[in-house]
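Dropping the structures in below, format is structure tokens.
One chain, chain A, appears in both complexes that follow, with chain B as partner in the first and chain C in the second.
Coming up: the complex of A and B.
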């Protein structure tokens, strides 16, 4: 066996450490990343509604209104954290909030919403994560702003914090 | 006065650790042992004094210390005043150091006529680790730091930490983590041995690893018990980064414990064991880094300070860089070409090892994946249960199948047909019991079937071994393996057949869950020692309308820290738990009530405790073995 193979653990370890150092030293300021979908139309989808099994949710529900699309799940802790901001955003009369329930259990999701309140106008179920793939979702939570023409204007990866909430409000005012 | 004593002792710890380091680097052996005796005793004495000074300060509520001010309060019950010492970051580091010096003392006790160089080298590495942790404590997390202002009362203690299971969870866990530091040092010493020296280093490593693994097991179990009873989310494992940080060293520890047996019996896998023991401790330290640096968020609330993260990371870099580099240049002498026969005990152990390492790597990937994404894209995401379930379960299943056969295989090689004949009875019994369980629960999910079959597979195989060999079986292994079987039973039952109801209930309302009818009779306001609470009184009736139990979940408010907690109320029997949590609400609209029916949960705790017992037997046997070496 070549002696070089014994260096392998050392090299892997160094690589991981390098990433950690980088993370600690950079200014970790979560901001929006350019998505390939920005300024493009929303990907088409159609799936069963979480609340009523007999109904469907699709891009037709956007109905020429400014729409906030939020990917969430009951197992996702950051989703709990951002929930109060989603509720605040849902109070905005100019927009509608559509939720996409990602890889979740129907009972758990509805139970969770009963407990904390349901800010979503419609909720589509995405049991296999295929809608998330079409939308290019990295992981949940993720939030998109779609304008009245069905064009994606903004995308945020991760939970909505106070700062992001302000930013989203700002963008919503600009969007038509 | 007492805090001053504690602080002085921290500095004395540094002095003795440096003494041990400098002394261990010397060549002359006779004086090395003499001086090391002083250093080792000094370290143990000073860390105990320092630790007890902090306990004293917490008991008398000495609010001149920032640590006491931030984490304690005069109204706190005495028991939690004491457990509060290690319920915060600074105090827990002090406990960590105390355990380090205890293991250091134990290693010193291993000195005999033939191994002095080896033990000295081990103590040298231990002293480096101690220096690292003491410096960290003194400069970034000193629990004896003074307040500038004088306060009459403290800020109080995070109430969710006010729980008996959580009081003993950290000490047990630290024995585990720190035990791996001793295995790490032994591994470094083995790698530094000259070619002509023969020390049976693995004999020294075995009791240390057995103890570390055993306490890590029970420590994790108590963490789960706490999560189950205190968090009120109805579950006992959440794939939280901090849980993963303890689970990863546990997985490697499991692999290590088993491969050490192969090293002892067949002298194979030595290289692998050396690498595993290095990685197990590095993962323990990386776990600490992830938790204490604030780089990941979790339910574990430690005060965050970026300078701590940088420090632990540099420390990890030095430890890991040094040990893995040493491994890369020195490990070749432990390479042997005795290839392992596949269908044999060592073959089974090797499969177990490979699978454990894969599980560990999957969990590691899931834990740091959000960090990787953040490093690349600057964004935060969450990796949750679906990932871990789909990554871990398929690898664990073959590991458990092998675990059933491993103990009946012999070393070197086996005939397949004979082995098959041996396992026919256990296959039959497993089938019968599994069918009985399904007739009772009437639920047929695939994961459920697999879990139950595996559980009975392990349990029957081990019972058959006991039956066939009467007194000659290896007690530690059989007990620990039985524990795993029981554990799987509990895990499967509680995760596959869990029933959940979240509803709004007013007084007098009734709800049905499975065969039970639950009525909310009344809601009372009660007053605890440092909290106010709303207490629901729920009557649980069975099918025949017999009252089984009154459950009283609480929704507590702690005025001092201004937060709410929920106290789940649980009725446990051997078949299921009825678990009720009282949420928000008022008299007019009703209260949000969460009711869970968790089957077989109690078997998780019984299983974990049985594994712990097996681990204790194993530690004991291996300690006796090295006593014979002395």
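Coming up: the complex of A and C.
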């Protein structure tokens, strides 16, 4: 009986060790925190358009279409890295891409878009970062998939890589 | 007898050192002068809340200690909410609605976190039990 008791801590320790090694070996990013907004409606917002100062961009622009929302800035290097994938996604006829320009300077942002190309149908400006807080954004670039009912289905933190691009396409095919 | 007593004393002091060293004193503060509220009572409340809110960028610091721009935004946001007359619970809810429970440095005591909160105590009791069993056995051989 007492011998079995001594075996017990050893077994627990092995189990913990196994779990730790498993978590180390599987491919995962511990800094990638699941969004609290998944399966919830998009936050209400309204801001001046980056392209036309007289126009506004708001949740009205989502109009029953599957929408990709991308938080970006001209000062953000990874945003440049993911730009080609945003462009590819913008070519998809089934979806619309809305950009939210985060804490940026209008001149610099439009200059950057002129240089690399503008994949966005609408661009909202978030000068003080308050829209980003409402969306639970903590590190740009961040990308959200919103279904046609205005429900957030997916969020990716960080630049879109080839792998993430494939994943996004897969989710877009599933989204209605 | 003397040696035995001394060892006991050593063991207890060792446990005490380990126990108290886990309460590290925090002297880091990143609140900038322009953020500070005029009303001291409100400012103290803001500091108290900020200490419990995780900086999502650095992840192991509170927004009270972090220099990240998002941490600054959130510190100002908390102060604005306090000025608007929002309660602490309302402010915490505002933040967890957007960033999830992860933004709280101390996980909330919920059904999903029961194991997180109580497993350590269960393991402690188990450990004491195992040591007790072991001692009882070794005493027999003496």
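One rule holds for everything that comes next: the second predicted complex is superposed on the first by the 143 of 176 C-alpha atoms of A that agree within 3 Å, B and C clash if a C-alpha of one lies under 4 Å from a C-alpha of the other, contacts with A are read in each partner's own complex, and residues count from 1 in each chain.
Here is the rule we go by: a contact is a pair of C-beta atoms (placed from the backbone, for glycine too) under 8 Å apart; a residue touches a chain by one contact, two chains touch by 3 or more.
Only a predicted model underlies this, so the values are computations on that prediction, with no experimental measurement involved.
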{"item": "Chain B versus chain C as contact partner of A:9, first or second or both or neither", "value": "both"}
{"item": "Partner with the higher number of touched chain A residues, chain C or chain B", "value": "B"}
{"item": "First (chain B), second (chain C), both or neither touched by A:159", "value": "first"}
{"item": "Partner chain in contact with A:114 - chain B first, chain C second, else both or neither", "value": "first"}
{"item": "Partner chain(s) touched by A:23 [first = chain B, second = chain C, both, neither]", "value": "first"}
{"item": "Which of chain B and chain C A:78 touches, first, second, both or neither", "value": "first"}
{"item": "Partner chain in contact with A:139 - chain B first, chain C second, else both or neither", "value": "both"}
{"item": "Shared chain A surface residues [contacts with chain B and with chain C]", "value": "6, 8-9, 31, 33, 103, 138-139"}
{"item": "Contact set on chain A toward chain C in their complex", "value": "2, 5-6, 8-9, 31, 33-37, 43, 103, 128-130, 133-136, 138-139"}
{"item": "List of chain A residues in touch with chain B within their complex", "value": "1, 3, 6-10, 13-14, 16-17, 19-24, 26, 28-31, 33, 73, 75-79, 103, 107-108, 111-112, 114-115, 138-142, 156-159"}
{"item": "Contacting residues of chain B [partner chain A, same complex]", "value": "275, 278-279, 282, 289, 293, 295, 306, 309-310, 313, 316-317, 320-321, 324-325, 327-329, 331-332, 335, 368, 370-375, 377-386, 500-504, 583, 592, 594"}
{"item": "Of chain C, residues touching chain A in the complex", "value": "56-57, 59, 69-70, 73-74, 77, 96-102, 126-127, 130, 133-134, 137"}
